[in-house]
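Look for chain A in each of the two complexes below; its partner is chain B in the first and chain C in the second.
The block that comes next holds the complex of A and B.
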């Protein structure tokens, strides 16, 4: 989230799209309800009428996967009717930037596409630069090559008729949606978006969100109270795990994983440290070398970061196609892995194309599953269609402590790092994950010390006791290391620090190894003042109380800033655009800013508002993504149409997919659009909740929701056991026949949509059913590799 | 000061936190259920399910309403079930809170179905294992020590409220005025007669036939005892509709 949960109450219009917040984030509705009480309009756009729709002021149906058509149509609507927040757009976004001559867009494909590698040469999307090396601009927004005019041209194709015919949303609903949301383009109005996996799990997942971020920029909704782009994270600590690098392409704090082509720390830093020649651009990432050196130092305390850089594993590239989750299992299925740790996860149910994953695990030598309950991954070898006598994989199951049985922090969707005390002891001496990881690596270190190896230094020299005290994992010591400390006596910014002193914030980190920090974004979380995440004070100023800011409760990255990009909430003089809901306010050179922690303490207009961007502006045109600088409509890789109205390019040409796996496109065997989702009563693959009888009592079995029209076509009665088939496999489910699902009219043809939850698995409860991911395809977004489990093709028949 | 629940159904998201919290606090076992083509589960109240969120879909003029009704004993001001009691002490009507509490002495009642028959809201059930007649007891053990009932405590949206009766009725009337702006047919159900006051956004029967005690409009023939009581118990409803 750019904002945070409480802040939702400040909104005038809440668009919930790609999310079923009432069911999957029940507490969020505390704040949604509060906003409604204050007069906000809540709009829900979804393939199904859900418990969220039931509370919304407006519901509009959409065929799964057609979001960019609807959002592109909204961009066109906003631009055509000139509903943008012009001052904001000119001052804070790159609308005025001139795009270079190499940029082209032709029939759904951007300049620089290489069909062989299914990727783009992004250099062709660059801005035209002036003599100083800064982007050329036209503040009048009239230059035909400026971003604003490019947007107009690009989205001109997204007219109401075409959007309606491909998305299935009626024109009246489209107009109402556009009109209502675009009304937040006024300086005193705030619109927000709540989205989740309904937007991310597509082959255009990143561009779905880019589309909305652009709308928010056009309407001046970023940086303000009740605005922002708000991802509702699925796990209580999934934000924390992302910040601390659970993914292949990033290190902690969103530093890049080094590539083999970057042989030295200097080469690595040079590649990822952006340079701006504009003195008004804060270009915060120019500090990159300080963060990378401090991270390396935190891992190899006795080494110079330049030397220890060599210890970091290197990738060949950052392509999702080569390294992300789906490919990991593709390679495993191809016999390229010997061993696999499935730690706190259940890929036999959670991963797209679950049968493939289960088959792949049978090709391992060993599998370690760390979990709180037995599950379908640990037991994959005795699952459906498995012959244990033919599976060589040796499986180890390590039970571990549950979250409440250990101390540590979680970081919620609103970026709040919240310290949690230990509750009861884990039963039977079970250990927390931290202890298991510590002991495992300690053992590996001992083995390497004793036996040597091809390249033992990265392991033997690792400062592993940085996270442990007397050989036991220490959550506080780890949190202090993540914050960072000085590794020698030093003076920074006129202040003297001793070796071992905690770093006050990332502004004090150094590039020479004199500081360490396990994650620069978390620098300031555990300082000389103590554990900031453990704070529980509700103290606040009047201004903070006015918008529900609690700066003394827990701690928020970065540097306790609760609303990101908040310099865009004020005009160039520092006056709030909406004084009634001011986030920050400039009060003069002595007293400076009041309210939230500003996005940099400089005086108003001393720096551009978007300090994390190289040039300092919010990116309407974003030349950094794998699939294009502007979101473009493509069908899901499995879809019910042969063509769409916006170009002759049916699918995202850069999508992650495996050519040897068939896809159902307009396939008469699989005529129904399928989607997967969650219910309030279950959690992820259900490992925790399927073992909780009060929850399985409420949602005991996998179900498939369908319209009465489809049920009649298939001769299915409510409550019948039915079979759902896709190219990957089949599962049974109980039919819920409901008017909450409607057939869509897509290009004049009736298209039916069904949906089912993915929380179930064959082990428990008996007769609960199996994972809906048996149906979902191994295709994904080119930027992140996230699988397209929200739109795929299926059939339904009586069991 | 006597107590009252105010349950604002316009704010209920059917998260069913209340349904689980009730079982958790009372240590009630789960029932063996199957999906029967609805999210509502268990299907009905029972000897081990004292609070149940009912789901109902209503579509009028192409506008879908999905109505959620967290059902429980209404703790009537003048409980008709007292008339069903033959074993002294099987029902306690707590004077301080107004809670209507069934005790283990209900096991000794000869006609246990009489409790359910007497109820204008069709609430009491028999626990098959103990033979006791059971229903919500307002979490009287919690309330007596100043805690909220478990279901209220867990509600995320402010749909479930609990407190002194005057405060709750004031809140109910405030919410009603607001709700009527969006839902012209919104009303409070049987507010003068019960300690569990529901605010509905549309007619009560669309949620569930026993949400309101007034069953006269949906049944023909001579008045049953239930209907008679129901008729006595709904002046507010008639005034506001």
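The block that comes next holds the complex of A and C.
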């Protein structure tokens, strides 16, 4: 989230699209309701009428996967009716930038496409540069090659009739949605978006979100109270685990994983340190070398970062198609991996195309699964259709402590890092994950010290005691290391520090190994002032209290800034666009900014507002994405239509997919659009809820929801046991016949949609059913690799 | 941490509920356990710690009461002083007590040998030693110093890892450090799906 949960109360219009917040993030609705009580309008757009819809002021149905049609139509509506917040758009977005002559868009495909590699040469999307090497601009927004005019042209095709016919949303609903949301383009109005996996789990997931981010920029809704782009993240610490980058392509703090083509730290830093020739661009990533050296130092404390850079493994490239989740399991199925850790995960149920993943695990030599309860991953070898006598995989199941039995911090969706204390002891001597992984790595380190082995230095020289005290994992010591400290006596910014002093913030990090910091974004979280994440003070100034900022409760990255891009909430003089809900305000050279921690303390207009962007502007035109600089409509890789109205290119031409796996496109065997979702009483694959009697009593087994119209077609009654089939597999489910689902009219044809939760697995409870991911396809977004589990084709029949 | 006033109020409220049920005459005889439960929350017998919910990423605050006698959780409830949830919880958050106090939690490490049809109980020390040997063997066998182009890559392509958003920040950082020092590049977790 650019903003945070409490901030939702400041909104005038809350669009919930790609999320069922009321059921999946129930307490978020405390703040949605608070906004509603203050007069805000709540809109829910979803394939299914849910409890979120029931609480909303407006509900509009949409066929799964048609979001960019609806959002592209909104962009067209805003531009045509000139409802943009013009001053904001000119000063803070790249609307005025001139796009280079190589850029082209033809029938759904952008310039630079190579069908062999299914990828683009993105250099053809670059901006036209001036003599100083900065993008050419036209602040009047009249140049036909400026981004603003490009947007007008690109979205001209997204007219109301065609958006309606492909999405299934009625025209009256579209008009009401556009009119209501676009009304937040006024300086004193705020609109916000709450989205979740309903947007990310598509082959156009990133562009779904970019479409909305562009709408937010056009309406001046980013950086302000009650605005922003707000991903409702689904796991208690998925924000933290992403920040610490348990992902193939990034290192802690969103640094890039090194590539084979970057043989030295200098070459690596040069590649990822952007250069701007514009003195007004803060270009924050110019600090990259300080963060990379400090990270390497935190891992190998006794080594020079230049030397220890060699210890980091190098990838061939950063392509999702080569390394991300779906490919990991595809390669496992091909026998590439001998060993596999599934630490705090249950991929036998959580991954798309679950049967493939279960089969793949049978090709391993060994598998380590750490979890609270036995689950379908640890027990995959005795699951449905498995013959244990033919499965060689050695399996270790390590049970662990639960959250209330250990100490440490987690980071919520609003970027609040919150400390947890240990309550009860874990039963049976079970240990926290931190203890288990510390002990395991200690054992490995000792083995390499004793026996040597392949390239032992990264292991033998690892500063593993940096996270432990007296041989036991120490969350405080680790948190201090993540914040970072000085590795020698040094003076920075006129302040003297001693070796071992905690770094006050990332502004003090150095590129020469004189500081360490496990994650620069968390630098400032555990300082000389103590453990900032453990703070419990509700104290705040009147201005802060006005928008519910709570700056003294817990800690928030970066540097306790509660609303990102907040320099865009004020005009070029530092006056809030909406004084009634000011986030920051310039109060003069002595007292400077009041309110939130500003995005950089410079005087107003001394720097551009979007400090993390090389050029300093919010990106309406985004030339860095894998599938195009502007969001474009494509059908899901499995879909019920042969064509769509916006181009002759049916699918995202860069989507991640495997040619040997068939997809159902207008396939009469699988005529129904399927989607997956969650219920309040269960969580993810259900491991942490299916084992609780209170929760399974309320939601005991898998079900499939369908409309009365479809039920009649199939001769299915409420409560019948039915079979749901896809090209990947079949599961049984109890039929729930409900008006919450309605058939859509798509291009004049009736299209039915069904939906089912993915919380269940064959191990427990008995007769609970199995994972809905048995049905979902191994296809994904080209940028993120996130599987398209929210739109796929199925059939249902009486069991 | 929480004031004596709150403890006092909570105890009063629990007692009041017990009394109310007792007075209804609907067959709801106040059970001895109910009184015991209230008594167990007394600061004399229990400690209070704050925590954050382990389910979704709203980050609701909770208060955990732990018995000083056996260090088991007695009660988990919403933290009224937490500015996000103001004491409220959803069905999952309200069930966290049962996540900890749960007979289905295993009492030991489980090991399944190749081609075996069952798990057997093993000690943690035995398992960690065997896993460490497996990691070393696989890493040594599959480690790649240079790629086809002759570029230094120093990576282990024979082991993959998934997980986890269920870990604390400090554990996540430690896990990525462990995996990268081993040379793993196939590192993924919940954020990808």
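Basically, the second predicted complex is superposed on the first by the 799 of 799 C-alpha atoms of A that agree within 3 Å, B and C clash if a C-alpha of one lies under 4 Å from a C-alpha of the other, contacts with A are read in each partner's own complex, and residues count from 1 in each chain.
Everything that follows uses one rule, which is that a contact is a pair of C-beta atoms (placed from the backbone, for glycine too) under 8 Å apart; a residue touches a chain by one contact, two chains touch by 3 or more.
Because the structure is predicted, anything quoted here is derived from the model rather than measured.
S.K.: Looking at A:397 after the superposition, I want to know if it touches chain B, chain C, both of them or none. Which is it: first, second, both, neither?
M.R.: second
S.K.: Output check: A:323 vs chain B and chain C. Expected answer is one of first, second, both, neither. What do you get?
M.R.: Touch status of A:323: second partner only.
S.K.: Is A:738 contacted by the first partner chain B, the second partner chain C, both or neither?
M.R.: It touches chain B, and chain C stays clear.
S.K.: Mind working out whether A:688 is in touch with chain B, chain C, both or neither, as first, second, both or neither?
M.R.: Second partner only.
S.K.: Once the two complexes are aligned on chain A, which partner has more residues of chain A within touching range, chain B or chain C?
M.R.: C
S.K.: Now for A:124: first (chain B), second (chain C), both, or neither, which partner does it touch?
M.R.: A:124: touches no partner chain.
S.K.: Touching A:546 in the superposition: chain B (first), chain C (second), both, neither?
M.R.: Neither chain B nor chain C is touched by A:546.
S.K.: With the two structures laid over each other on chain A, which partner does A:55 touch: chain B (first), chain C (second), both, or neither?
M.R.: In the superposed model, A:55 contacts chain B only, not chain C.
S.K.: Applying the document's definition of touch, where does A:647 land relative to chain B and chain C: first, second, both, or neither?
M.R.: neither
S.K.: One more residue to check, A:314. First (chain B), second (chain C), both or neither?
M.R.: In the superposition, A:314 contacts chain C only.
S.K.: Intersection of chain A residues contacting chain B with those contacting chain C?
M.R.: 26-27, 30, 680-681, 693-695, 698
S.K.: Given the complex with chain A, which residues does chain B contribute to the contact?
M.R.: 11, 13-17, 19-20, 23-24, 29-39, 41-42, 57, 59, 64-68, 156-158, 178, 182
S.K.: Across the complex, what residues on chain A touch chain B?
M.R.: The touching residues are 22-23, 26-27, 29-30, 33, 37, 49, 51-55, 57, 59, 679-681, 693-701, 703, 717-720, 734-740, 767.
S.K.: Could you pull out which chain C residues touch chain A in their complex?
M.R.: Touching chain A from chain C are residues 47, 49-62, 64-67, 71-73, 76, 81, 83-86, 88-93, 95-96, 98-100, 102, 104-117, 119, 124, 127-136, 138-143, 145, 147, 149, 151-193.
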